[in-house]
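Two complexes are shown next, each including chain A; its partner changes from chain B in the first to chain C in the second.
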Partner chain A sequence: MNSMIQTVDLTKKFNDFVANDHINLDVKEQEIKCIVGENGAGKSTMMNMLYGLLQPTSGKILIRGKEVTLNSPVDAIANGIGMVHQHFKLVPSLTVYENILLGAEITQKKGGMKTPFIDQKEEIKRVEKLIQENHLELNATDKIEDISVGGRQRVEILKMLYRNVDILILDEPTAVLTPQEVDELIATLKNLKEQGKTIIVITHKLREVMELADSITVIKQGKVVGNVLKKDTSERELAQMMVGRDVVLTVNNERKQQIESEIMYKAENLTTVNDYGKEVVSDMSFEVHKGEILGIAGVEGNGQSELVKLMTGLMESTKGTVFFDGKDITNWWPEKLRKAGIGIIPEDRYAQGLCREMTVSDNCIAGYHGEKDVCKHGLFNKKTINAKRDKYIKEFDIRLGDVNGNIGNLSGGNAQKVIIARELSANPKLLIACQPTRGVDIGSIEFIHKQILKFRDAGNTVILISSELSEIMSLSDRVIVMYKGKISGEVSPKEVSMAAMGLLMAGIGKEEQDHEKER
Partner chain B sequence: MELLNSILYDTVYHSAPIILCVIGGIFAYKANVLNIALEGMMLNGAFISVLVEYLTGSVALAVIAAIVTTLLWGLVFSFLGITCNGNVIVIGLGINLIVPAIAKFVLKVMELANISLQDVGVADFKINIPGIKSIPLIGGIVSGHPVITYLAFIGIAAAAILMYKTKFGIYVRVVGENEDSAISLGLKTQKYKYIAVLIGAFCCALAGINLSMERMAMFTSDMTAGRGFIAIAAIYCGQGKPVQSSLYAILFGVARSLAVNLSVYAGPAAGMFDTIPYIIMVAVLAVVSFMKFKDVKVRGYKFD
Partner chain C sequence: MKKKDSIIKGIVNSVLPVILAFAFGAIIIAAIGESPLETYGVLIRKSLLTEKGFMNTLHYASPLILTGLAIAITFKANLYNMGVEGQMLLGGFFAGITGAYLNISNPFISKLICFLVAIICGMLFALIPAILKAKCNVNEMVVTLMLNYAVSKTLEFLTTGVFKDKSAGYVATPTIKEDVMFKRFGASRMTMFFVIAMIILVIMYFVMKKSKLGYEITAIGKNPEFAEATGMNVGKKIIIMMLISGALSGIAGAGWMLSDQFKYTLTFSANPGLGWDGMLIALLGGHSPIGILIAAIFYAALKTGSDSINMYTAVPKEIVAIIQGMIILFLAVKFIGDKTSVFGRFKKAKKEDA
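== the complex of A and B ==
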């Protein structure tokens, strides 16, 4: 088969940081190429160069053997390259057809003369035809804000197909989809391949890679570390290449003592609505015992974010009560929660956990800045604050260039360690950890996992919310699964199969699963 | 009867400059570059038109000069705010401060308290529409306005068509709502922001000409009297929709007209009517905002 798109020694530097280091990629015509690698390995940088959003520092891009310069997405589209971004680039207040034709509007013609007015009827007709040809489920006149995430992704794909691209790049397409929507997407992509399109998918989900890919390129720290065909490889081998060592994340999670019967944290009928008045957390009731790690799993966007905001005082409930250590703490503000003995690792470390433009030491006391030892008569005691910082750096192995610099200069893993150091050093009784290892390097992941287990083993309680299923399964003592704002099931991580978890995450409860089996 | 007639005529008369500022401002508002320099740009149009007519005696030259100089202010605003990524509020404020200062300085140099035009009068600009003029009631209200007043009302429809029926309108809205999306399709987002601001400058120039030359045949310092800011409030109340925002502008015209006409009867107390538009505006903005955030459960919520 001929090469469709090739890169020769493609390199991209951001100041001193080399995001892509002499990448040589070769995608054949009409194949599905998966590019895998950990977060921060440089996959998205590379794709942004192929789509003209970034310009390479050095190296060449060849399409059908001919060198091209891609200065903008317009160049890329003109060369037949289309991209579906991880975060959709759609305009919510416009309709499906308006989004698909954005930038390529059809104008009315009167007597052979062009008018500046848009021909909406013709636009709708063309888009409906396109939807039918590709067997997709969409309504051309719906507004984007009213359709599902999976639907929005189909709009993004159609947007590119309308522009007659031959090469379709998808950046982490399954991150926001339910397992069923993932299956539909895989079918759609395979169908497109049959129609002659070349498809590049960026992902770090190996199971999907094995279902989808014809060939796979593995990237690690900006370099290509492996090129394999799907038929010659296994999930295990890919994981090994991605991480660079044999085993992926197995922390020793042996319990040293029994879970106590005392209930530490209890939510009853917890409910809240989003900005549009839609219920996103509905009647959630659960208990966490002292000395237990409760995992909350689920596909992203099923109410976990809102649940965490409710639990950490960033959002108000419309109904329900929360008890902690025997006290009613419903709708308390974060400051009061921290004082009561709840440590919080928020979902987005830069939005809710740290202040990028402030120093490391300032961030080390954030949330606890009213404590007597750091603040007397409204004035900070810099000496104790700096001593605290130095202690955290040592105890939590935080690696940083400049101790007096801003926290924004730290890598994701080290910034996350600052949060963990701060929250655990306040000696809380309960830790609410949300996505504690998102976008963090492998070494830090291991360290953070060990810290969470150590905290539990000291007799404390943890609520762990994560979209990384492996993290939930390896750390938790008990797991509840969320689907559409409700608990779809509760399982023991040691006994449940991955298949059963998958079904729970798709909202198919245990009873229904048993029922299926009987039939 | 005569009073009602005169109130309605004045409503049209006082609404026009605010409507022009509104339809000029909505495009920048939709493109997410809030143009708070409407006030300064309008004053520039008012000042330059009268000044040029006073010096040259040519109305056409006066109109062209006013439009060109106001567009230059629009370019200054766009260059600093869009190309240089400056803070549009600070830049807009700067324009709002410097334009009246320049006008006052020029008046001082010319040793005039205000500029009164001698060779043209207010009556010269009034257009009496034959046919309509003779219709009772309506004739007296619709006929007999200067040309830009008519343009203002036609402009509402033009702005609505431009905003919703053309490529340009869609692009401006996309640039304001999701700039990433526009960039990923290769739209030149800066170009649309520039055009949006320049449309605003053009309309403000017309509003200024209407205010000084057409309606009064004179220029006095600070004669725009906050109309640019009232227009911004109207844009916010109408959420940038051409027709709704213009209706709020007309509401101000009504209030202003009441204040002027009733002063004959109510004496100094008529000044109270001047407060009506501001009270309505504060109430409307507060209610609109309350309704928007009423059901938001996230604490410390901010729209970005």
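== the complex of A and C ==
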């Protein structure tokens, strides 16, 4: 088969950070190619280059063997490449056909002359024909706001098909879909393939990959680590390729004292739904003992973010209770949680942890700005706040250009250190650390890991949520793995193999694993 | 360095519209055959450089400072209280009614009661959109905007009916008792109300720049998710901010009534209205208390100066309205963005062309 789209040594650098490192991709005509990899592996960067949203630092993109330069999505569409984004770009108050033809409206013609009026009849006719040709379940005159999420995705696909693309890129298409809708999508995509389209799907859900793909490319840390055909591989092998890693972290995790029997944190049947009404955390129950680090692992998008939001008071549970230190803290506000002795390192540091446009010292007191030492009778004491900031800078080795400047000027690692300094200096009993080292340089990673261990060694409790498996494995005393909002297994990091972890992360539980061994 | 940069940008963004508006005004003055320099000279001399003129300017600035603050405290948190005008009218009206009917001989206590009535009116009226916003997430901009018309028409009804002063030859409420009104300083129109406005300005400076509440307002305005994640009860803060805004509007109304108006007439707040002017002032002043003070004085100077233009030159006083309109128009243009530098933008444009 001929190559439809090829990349040769495609490289993208953001300053010093190499997001894509000499990627060689080869997608054949009329095949479904799945690109798998962890978040931050560089999948989206690569696709954005193929769709003209980003320009490569070096390397070439070839379409049907001819080199192309893609400066914008317009170029990409002209070259027959269409993309369906994870977050739909539709106008909810307009109908299906209006959305599809947005920017390409058909105008009425009177006696060979163009008029500025839209020919709605013709538009509906064309869109209906398109829907029929592709065997999609859609009504051209429905409003977007009235149709399901799966339907909206079909509209996005149609938008691209109307523009006659041959290559369709889908970014995490199943992230927002229900299982039934996922099945429908798979059927739709296979049908499109039959019609002669080439499809590239970015995902990290291995089951869907096995159902969908003809060939699979695994990307890790900006590099291609494997190119396999579906018929030659298994879910197990893919999981290993995705999570297997060579970076060995050097922190020394030797326990100095025993884990106490006292239960510090306990969740019972915790359940919640997301904005789309889909259950994203289902019946999760776990306990954390005093002086223990509990790691929560899992491929991203399996409910970890929502679990963290539940635990940190940013989302309400629909069911279940949470106990901390003997108190029922279900659905408490973040303010109350911090007062009760819970330190929070949030998942997205610039969304929930820091305010870029506020100064370093303002950020140093966030969440604790009502404490007596900085705020008396509602007025701040600038001196103590600045002293606090200087103390954090010294103790946590925060490197910054201008102490009076905004926090947005700090590098990722140093900004993260501000959060860690702030949360740990409040002397909490429990630390909920979510992706504490995401996007942080190696030096800072080690420093942050040491701080977390030091905190634990002082007899405190930590819940660590991370998609970095090595981080979970080297820091945790006990690990639970999440899959589709549920716990798929609990393991001891010293005893479990990477392969077994990979399976748990792919949703294949312990019993099933044993079962398979017996066979 | 960065901080200096942002201050300069802020000043440019506020001063440039004013300069452009005056330049535009100059063209019109020249077109009707008068000298722009002379006209502007009169404007500035009579409003800022004579003692009486300057004190009059400060007098007109007093309610504007307060309505400006009332707008700024909510706008800073990305909460749009467009109802300052209505809250101010309501406060002024009931302060006037209280001042006319109250029978207390102590002038201090009677003034105090008038102000308290106005504050309560302003706060209660701001509470409606605040609760709707905080509890049901109803867009506060629409509610506050519409309530302005509701209050203005209701007050018109009350003035022409229940509270009409039968002895007056036109539509007005009864005149406030002489001793309840503020005494004027010398020959100017300035009263104690300016001092009160300044005291409140200082208090608001501390609230906005140094207090826990001010910190939270800034955080909510800049990153609501961060504000919530760090434990601020955003809904509660919205109500508090709206109450403060309503109280400030009420004080503005009461002060304007007790220092200038004597009675509620249908032109109490003039045109376009003290609340709307406050919005312009808050924007000109970049939502900072000091900026608001400067902007309010500048704006009041235009007002006092416009009468002098009428008297001493052949230019109609409406030229000032044109300048004000132009300022609003040019304010809507953000000349320098928060993040882009002027030259950076040009460079980018060049690159795109290539």
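General remarks:
The rule is simple: the second predicted complex is superposed on the first by the 271 of 519 C-alpha atoms of A that agree within 3 Å, B and C clash if a C-alpha of one lies under 4 Å from a C-alpha of the other, contacts with A are read in each partner's own complex, and residues count from 1 in each chain.
Throughout what follows, a contact is a pair of C-beta atoms (placed from the backbone, for glycine too) under 8 Å apart; a residue touches a chain by one contact, two chains touch by 3 or more.
For clarity, every value in this text was computed on a predicted model and none was experimentally measured.
Of the two partner chains, chain C is the only one touched by A:362; chain B is not. By the touch criterion defined above, A:89 lies against chain B but remains apart from chain C after alignment on the C-alpha atoms of chain A. When the two structures are aligned on the shared chain, A:210 is found in touch with neither chain B nor chain C.
Looking at the shared chain after the overlay, A:375 reaches chain C, while chain B stays out of its contact range. Contacts of A:333 after superposition: both chain B and chain C are touched. In the superposition on chain A, A:354 makes contact with chain C only, not with chain B. Of the two partner chains, chain B is the only one touched by A:77; chain C is not. Judged by the touch definition given at the top, the superposed model places A:402 against chain C, while chain B stays out of reach.
Legend: residue contacts after superposition of the two complexes on their common chain; A:107 is shown touching chain B, with no touch to chain C.
Applying the stated touch rule to the two superposed structures, the overlap between the chain B and chain C interfaces on chain A comprises residues 313-314, 333. Chain contact summary for the complex, chain B toward chain A: residues 161, 165-168, 170-171, 173-174, 177-178, 180-187, 295-301.
Across the complex, chain C is touched by residues 312-314, 333-338, 344, 346, 351-358, 362, 366-367, 369-370, 375, 378-380, 382, 402, 404-406, 409 of chain A. Looking at the complex, you find that chain A touches chain B at residues 53, 72-74, 77, 83, 85, 87, 89-94, 98, 102-103, 105, 107, 116-118, 272-275, 277, 309, 313-318, 333. Looking at the complex, you find that chain C touches chain A at residues 1-3, 206, 210-213, 215-216, 218-219, 222-223, 225-233.
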